[in-house]
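Chain lettering (A, B, C, D, E, F, G and H) follows the sequence in which the chains are written, and residue indices restart at 1 in each chain.
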């Protein structure tokens, strides 16, 4: 069980979220990508979230713009770790999606990352870190990745 | 069918949302009040929202703080008008709940009002306005209410 | 009585507000569009607002940028529901029009939607929702519209 | 014609706006104070503004909180100089009243001062400066007032 | 004595401030334009400001970007009315110049207008309004200008 | 290896971060708490971070106020998952610590939670979720915790 | 020549700025404190600034609130290093003084520190650091001060 | 000992930081430029910072974007004066790097300058000012530089 889900609220978020896919490919982590909106497809989101754990996912990365409720809605239906990427697609350029995502109320956590494409990459790296806790080989690939910064 | 629902995300929002109840009492509009969180009680919220229209509600007022997803989640399960009151309960004092509520993405509208207790009153007055469209008597009570401003 | 009014403060807001017109056309709702500024044409705005109900309008959608007072001024002259779209036309890119619109003081509500073209669409959908309260056929068209999200 | 009008949107703004009255008293400028809301008493505001010049006023100071439209509405009905004091009475603590006031669209200016009681004083001093253009005695009293800063 | 001064902090502000010149030309108001920075040319600014009244100026319009101190520095050396236009030239796009200008401390007022080119126009119209207090002909030209809004 | 570290930048953050300790106690997760500042004790922080994995920690929760660099500095020395709680202790009330924490540049992720005490609790719950990926018993305690919301 | 000047805009800033005095006393650095406002006492500020270097000062610390121009005005009259402490005394709680201070235009630098009392302390420590460049004894006292963080 | 270090967090910051190099060249100040990230190369940053003083540096200029920790991390390892330039490279356009840099907690100061390329130039001018304290020739070159503003 070390499959990652990437969900985004709209087709338009694909460019941003592809950075997460790229990282997971580099680390050879299995992942699946879905496009579904918390507001336009709530039952799909609920269905996916409720069954994510038993369907073999261990962590869910959600990218959304505007009043970004996607990660919060997913988190309300699963106790898997939910990672969120606020996307700067509205005229308010990310302040709305950031605050909509990071300020979750008590009891239902969402782990929030940098606004935009940097956040997509970082959320994916965090997913790898999380999987590395009990996976020595993955830890070593992370170490190499980090060492790459100094080359 | 002219019943109003008032939903709030937490017991702590009662003081703020009582201003909405007071207005509806003054206008003799039937209403019911519920406390349920979009994140902590998502199925309750979904159940309520899906059945609201056939249970005789015509409009739903939602009050919530922090990353306030309540109104958005309700709106994703009903085509009734959803009114929202952002509540300034977090350290970011309402900027978070305002942006989380008003910046809804395309297709699923939420009508947002003033942050805090003024918003609770105004959302309720708006509900009365909405009911007044086809109710001459209510229109006249609204006119009197407005005239009261000049006394 | 199910006619919708769309008012905007300036010719420059037409591109944004045409999204509202498109939605109303799709739902076959009768509407009329006006360009008048709360500050440059206050008597026109007043005249329109005072007579809107008896002229057969049931809801008024207002789009404006900068210190957007249009919806508030309209709302001060009518008890019809007033919907507002803050437009990001100033250097402050919508934070000014959003706060000028949503933070209405006690007694005179304005229902505010997303900043920009998404808000124009959502305000129009909300108008349809409002009209659907006592119009079963419209409710069904809204249901189809929503189902379209999952196709 | 050297009378100043002070208008405020609500009884609650009195404490803030009394600083303006105090300055005008110190400079022995005639003034009149009114409480009327742009939204709750629009006709009173309009009536006052349209007749202000012929009623002997030469400048109008407006104090208001929340989405502060008062100065903008007054300015839409007069070509007298309109001075505005944004008041920090809402949960958003003055950012809303500041942006609602200062960001007036093209053609109808409002002169905006500091948020809160400092702004009330400064708007009144500005009114005195404006009257001093053609009043040598007043100019000298302003000079003394300024010299007082160094004592 | 009805000459207006227009000062700007940098050559780069010319495009923005030309809107003020255009308005004054339209109203046939005499004006002079200066480029001098509060920080790079403080003595020039001081010299100008101290002598402005006796040099026949009745009002000073200041446009500046970044931490815009120009209007405040001018105001510290004259009791003439000082009008300010915050310019959105820095990466913070006008929030910095707006707050640097409008939030003047007690005793030394600066009248602030809209950020950017709209503010340049509005500050000039306000200067005309101010001159119209004791100039019936100017008042009538302002009335015609306003009537033009409805044509 | 399922020990959690809680680090905070200052004694003053204890009240906020005790909410994280309480959650870990409730879930019977082993944890250790440290007070060390990224700026005042950089070598301690480095030492701790470099050895955290081999010292049996699987996740590190960091709470800090002002320009909150603590989580970022810890993350630069470990590939363990780093969770961060921005604390609203400065005059800017959390906007500074939030942006300092969540906007991490590419390559070194930090998972950010709600500003203040709600964030402390949510970060701890997230740590439990993360540990639950390969711990069925913990998953069931999380399910009970969630069911508690509906009682 | 190693005397430090501390200037503040108002008596009310004393509590905040005393933290700077305390640090300089601890490091046995000679300093003088002045209260003078950039706007209310511009000639005093100018006089002081122009002569500061020849009067034996090597660095000037300025604390001010609201639209804080003090440091910028001082810097326009001296090429000594000017350090600034934005003070959160206005209703906008420091965002105004921060942006007014830090966003200085090209050519006239001001070194800005944390908003409020922390900034007063840090500006003074920075002054000591600056003096330590050519003062080995002072460098050692700074080292001890830093080591104190780990005790 | 009058060498200046310029450090930036990423290759992408070169365009911005070259303005600092240009100033130092104009004033014939020796400098060295480094690219190293606080998060991706923490040991390099630490090594550099710890040895900067004995390697002949007297001041360190740091430019970084996003959650800009670079200056703070450098400052935690040296008692040399650290100057910081927040860079507007993220979607939040500099508000994040500004607050991450200027709001340093008590005890470890960082002198912050204007966001973006203006800040790079100003930080370098400040470094020259700082070196001028005990260098009469440099003071005179600064005076000429300033006089250039009036030509």
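Structural remarks
Everything below uses one rule, namely that contacts are C-beta pairs under 8 Å (C-beta built on N, C-alpha and C of every residue); 3 or more make two chains touch, one makes a residue touch a chain.
All values derive from a computational prediction rather than experimental measurement.
Common neighbours of chain B and chain F (chains touching each): A.
Here the chain-to-chain distance from chain C to chain F, counted in touching steps, is 2.
Shared contact partners of chain A and chain F, listed by label, are B, H. In summary, the interface at B-F recurs among the listed pairs F-G, B-C or A-F; the equivalent pair, sharing over half of its contacts by residue number, is F-G.
Annotation: the chain F:chain G pair of sequence copies touches via predominantly different residues, less than half of the used numbers being shared.
The geometric centre of chain B is 51 Å away from that of chain H, both derived from CA atoms. Centroid to centroid, with C-alpha atoms defining each point, chain D and chain G lie 35 Å apart. Among the residues of chain B, those touching two or more other chains are numbered 37, 40, 66-67, 90, 92-93, 95, 98, 102-105, 107-108, 114-115, 118, 146, 149.
All chain pairs in contact, by the document's touch criterion: A-B, A-C, A-F, A-H, B-C, B-D, B-F, C-D, C-E, D-E, D-G, E-G, E-H, F-G, F-H, G-H. Only residues 1, 53, 58-59, 79-81, 83, 98, 102-115, 118, 121-123, 125-126, 129-130, 132-134, 139, 142-143, 146, 149 of chain B touch chain C when the two sit together in their complex.
Of all residues in chain F, only 37, 40-41, 44, 66-67, 90-93 touch chain G in the complex they form.
Those residues of chain C that touch chain A in the shared complex are 88, 93-95, 98, 114-116, 118, 146, 149-150.
Residues of chain B touching chain A in their complex: 9-10, 37-40, 42, 46, 64-67, 69, 72-73, 75-77, 90, 92, 95-97, 99-105, 107-108.
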